[in-house]
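Below are two complexes that have subunit A in common, paired first with subunit B and then with subunit C.
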Partner chain A sequence: MPSAVVIGQALVSGLLAGGLYGLLALGLSLSWGLLRLVNLGYFAITFLGAYLVYQLHESYGIAPWWAAMLVVPLFFCLGVAQHWVFLRFRVSELASLLVTFGLSVIVESGIQLVWTADYRRLETHYASASFKIGPLYVPVLDLAACLAAAALAWATWAWLRWTYVGKALRASAEDPDIAAAYGVDHKRLSYLLSGICAGYAGVAGAFIALISTLAPSQIWAWLGVVFAVVIIGRVGNPVGALVAGLLIGASESIAMAFLSPAWAPVVSFSALIVLLLWQPDWL
Partner chain B sequence: MRAQTGLAGAVAAAGALGLALLPMAGMPAFYDSFLYLVFFWISLATSWAILSGFAGYFSFGHAAFFGAGMYTTANLAAKHDVPLLATIPLAGLVAAALGVGIGAVVFRLKRLRGELFALLTLAVTFIVATVILNTPIDGGSGVFLSNVPVPKIVASQSGSIYVLGFVLCAATMVIAWWVAHSRLGMGLAAIHDDEDVAETKGVPTFRYKLAALALSAGIAGAVGGVHAVYVGFLTVGDTFGIAVPLYVVLMSVLGGARHWLGPAIGAIAIGTSLYAFTGGDMAMIGRAIVAFVLIVAILVLPDGVVPAVQAWLKRRRGAISTAPVVVAAVPPVPRMAAPDENAPVALTIRDVAKSFGGLQALRGVTLDVRKGEILGLVGPNGSGKTTLINMITGHFPLTSGTIALGDAAIGALPAHRIARLGVARTYQIPRPFAHLSALDNVALSAVFGGAATSIAAARADAGCWLSFAGLGGKAAALPAELNLHERKFLEFARALAAKPKLLLLDEVLSGLNPSEIDRAIELIRGIRAEGTTIVFVEHLMRAVVELSDRVAVLNEGTLLALGAPREIMRDPRVVSVYLGKDHAA
Partner chain C sequence: MLLEARALSVAYGDAPAVWDASLEVDEGEIVSVIGPNGAGKTTLINAIAGMMRWRSGTLHFAGEDMAGVAAHAVCGRGIALVPEGRRLFTRMSVEENLEIGCYVAKARAHRDVSLERVYTLFPILREKRTQLAGLLSGGQQQMVALGRALMARPRIVLLDEPSLGLAPSIVDDMFAIIRAIRDEGVAVLLVEQNVHKALEIADRAYVLEHGRTVASGDPATLMGQPHIREAYLGL
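Moving on to the complex of A and B:
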């Protein structure tokens, strides 16, 4: 039985890791829920963002947040371009999964060609900065990622809930034909949303560059758990994604404190399976 | 045609024999290994398609079955000295058991959406992988098979593995072909298009899905068993990685997952191109090129290569005639007298109630339908007519009450059992199986609902029913090529092909023009003359009065009135329900 401090520390790091899950899940959840496109390429794009932030820092000494300012608009354009292809070929939900898998492989190959398969790490003097609350250490960068996730999730939720554009987007997701009959220009909105989702990938990429070690193979490491978060948080629900991310993160790290770390994946996937079998109404 | 098929069979057999004997030719081991990998991908992709391509339940969990097979063979052969050949069927069995276990839980879920099934299977893969990693099955250090003796089928070890891979591949292709041309394949194709309708037409959907999953998983497990010796060293990371589930999906989709040959074509294309680029940067560029080709293929040929080629061949043979079909006149049938009150009861409905959450759609309906009777079921929108039909066919479970067909209680039976007892229905909005020809749409009912002994017999039957419904010239057409009125008659034909004792018609006349309505009325009389009991829901009062022996009026989920059509039409309660109280005087 681990001590209270160990459990408390596990909870803190789990919640913070969960924030990053939530951040990654955000764009995926929105494009799946509101555009009916399952974007597997999201992970590859996120890592591309991370590598770009890393490279801008290494080559030109640009601070990661300034680098993110450059990467996010670039990715917005990439997202719009990708969506143009999807609309042009009327890609179905299932086909989108396969097409974006293809994109992921291309991006992964590109990353490996440019940056090799070696591990890369963005070294900064604040990389391991942390502060203490009582006996518990809180790493600053993880906390920042978590707060960014919360801010983006809340802002997105508010945008969808209260603005005309947000309502139109939700209406289109529900029934594109009826929404169109009421004057919603679904195409323009969907371009906007895909751009935003790709922009979120840029933000997530910047935090991954700051927090984690980069390798091309890491692209696939997040796939399972983030999909679990997207579904548990209810597809298309930004706040749900964040809450699910926090829950999964916390439960994983608590499980790791009690069992060996190797058992961690069982937690998120068992939760996912139980939920899918139980099928509560809010899912 | 027959000679052609025979020739194709002979060529295939000769080719297979040639491939099987290839290792004798003493090629360099490199070719053995290359061809083995092509066979490996063909078997895996084809096995995946048996469930996911044929029935449309996309699985990302193929690695779980494949990996279960690999680890079964590795453990039995390396740690317990079981002869390698004996472990391969066991590997298949373990994987099939895993598949049946998952399917038995998952397929019971109502409204299981496709992408949820895909993710569920992915999640299962991660869990299986974690369990294997953390238990002595793997233990985290991997399993070596270097000391496992490979039976000497041919001189070299790589040749022997090649032969094993080839045999499995050939067996897989035979199984896939057989499934595609059997009742199972027909049922799976129907499940793919519309599972509810398939169940109502008599397809035992749960059992079929389970059988397809067991076959699919079993083959993957056996393939994994052979592959364990091929790789020689297993790790959880390599076995349960993303490669297997994604490549099988890509290969199948590229080739055409619904066709038994499609996955093999895709596997050959992707498998060889993967092998063409090996080593360092070339491998990376090669992967990227494969991925790019895949993207283009899916964008341009969303259904896959094989269906695209088939469609092209069909077009070349000449477009199906688009000329309007000459509708065969149905010979006038003498009006049969209504069965009298002593006629035996065909359908007994007692206190049937149904609520959806808080909404009470039916609040206790009691009704007897006599044998050989035509009963009209009318009522305002939302009065529960279609719900009652759905309860009789078993589409919804009863909230309370009983339904009996003759003496047999059917209230608690699954829909496909009810269909087999002789209940058939049509849908208000036609719901044909989109990827089956008009002929096969009808033949499916004859196979699963009727007494057809073989698919060939069912197709012959189906041809007659299509002619009966005036669709004789449209047998090869897909439902999308039919207009609304033709689809309505297709609904008729496939209900009739089941040779039902009880036929439920849900607004078959709506949307038809007056002469089509006359034709349909004659058709319905003709059906009754054959001895079928008919319940029909209809808003068109002319048809109700002309056809019905008795009319039942539903209002707000209760039976408001029941009797001869002309009396019912004068009943002030009925008039008030339809036209409002002012007109009821």
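Moving on to the complex of A and C:
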């Protein structure tokens, strides 16, 4: 039985890691829920973003947050361009899964070509900065990622809830024909949303560059757990994605403390399977 | 003439649902379209609402040709649809459904006034405005669907089977409100299974059979025709 401090520390680390899950889940969840496109390429471009932030720092000494300012608008355009292709070829929900899987493989190969398969690490003097609350260590960068995730999730939720564009997107997701009959130009809004989702990938990428070690194969490491988070948090629900992220992060971390790190994936997928069998109303 | 359809034909793939349908609706009148199931009534109304393209024929609204108008631009011209089965946004609140009705910039500027008008017309909706539309009763859902259309400040409301699945007393309320809308100067094009009701309320009516308009006139004249009496009124 681990001590209280160990469990507490596991909880803190888990919640902070969960924030990053939530951040990654955000764009995937929105695109799936509101555009009916399952964008696997999201992970690949997140890592592309991470590599770009890394490279801008290595080559030009640009601080990661300034790099993110460049990467995010660039990715917005990338998201719009990708959506143009999707619309041009009338990609369906299932087809989007396959197409973006292919896209991921291409991006992965591209990353491997440029940055090789070696591990890369963005070295900064604040990389391991942390502060102490009682006996517990809180790493600053992980906390920043978690706060950014919370801010983005809340802002997105508010946008969907309180603006005409947000309401129109939700209406379109449910009944595009009727929404159009009331003047909603779904095509235009879907471009906007695709851009935003890709922009979120840019933000997530910047934090991944800051927090973790980069390797092309890492693209696939996040896929399973983030998918579980998207589904548990209810597809299309930004705050749900964050809460599910925190929940999964914390339970993984607790499982690691009690059992062994190998058990971590079991937790997220067990939670997913249980919820899918149980099918509670809120899911 | 506010709305003028000439020899419209509409098809699903190769299967024609409407061919050679012609009708006119003037400002401030209720026009009913009656006909058996599968005659193409819903198809016709969806085409007028911009949800389906027509193959041939012409459609003019307020003197403008609607042929090149995109689906999402039709509402802004002054045409609002109350679709068959209501088709509310069930995962959104009552008020959000109404707000989609005034999504178009011109209508959005009048949001508060329009909302007040709808809530005065249907006081129950004010009480339920934060509830999910999918959780309302059938009658209340029909009120939201009609309210959503009024939020668009339309010149014509297209009503597709508004009485479907509603209790008789609620149907009467609904028709009283349709009259009230007409009296405010809004034109109404009504498609309805309930032929008695549809003819009772209409200023003029059309009979649609096998995708074509086969008869038209004022309701009293139509009710006098043996074929109509036999086929639709069971007399």
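Everything that follows uses one rule, which is that the second predicted complex is superposed on the first by the 283 of 283 C-alpha atoms of A that agree within 3 Å, B and C clash if a C-alpha of one lies under 4 Å from a C-alpha of the other, contacts with A are read in each partner's own complex, and residues count from 1 in each chain.
Note that in this section a residue touches a chain if its C-beta (ideal position, glycine included) is under 8 Å from a C-beta of that chain, and two chains touch if they have at least 3 such contacts.
These numbers were taken from a predicted model, which means no experiment stands behind them.
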Once the structures are superposed on A, label A:Ile178 by its partner contacts, choosing first (subunit B), second (subunit C), both or neither. second
Identify which of subunit B and subunit C touches the larger number of residues of subunit A. B
First (subunit B), second (subunit C), both or neither touched by A:Gly110: first
Between subunit B (first) and subunit C (second), which does A:His186 come into contact with in this model arrangement: first, second, both, or neither? second
Does subunit B (first) or subunit C (second) touch A:Glu58, or do both, or does neither? neither
Quick check on the superposed pair: does A:Glu93 touch subunit B, subunit C, both, or neither? Answer first, second, both or neither. first
Identify the partner contact of A:Tyr164: answer first if only subunit B is touched, second if only subunit C is, both if each is, neither if none is. second
Pick one for A:Ile231: touches subunit B only (first), subunit C only (second), both, or neither. first
Just to be sure I follow: which residues of subunit A are touched by subunit B in one complex and then by subunit C in the other one? none
Interface with subunit C, subunit A side, in the complex: residues 164, 167-168, 170-171, 174-175, 177-186
Which stretch or stretches of subunit B touch subunit A in the complex? 58, 105-106, 109, 111, 114-116, 119-120, 122-124, 126-127, 129-131, 133-134, 140, 241-242, 246, 249-250, 253, 281, 284-285, 287-288, 290-292, 294-295, 298-300, 302
Can you name the residues of subunit C that touch subunit A in the complex? 49-51, 70-76, 80-81, 83, 87, 89-92, 96, 99-101, 103-104, 108, 148, 152
Contact footprint of subunit B on subunit A as seen in their complex: 38, 85, 89, 91-95, 98-99, 101-106, 108-110, 112-113, 220, 223-224, 227-228, 231, 260, 262-263, 265-266, 269-270, 272-273, 276-277, 279
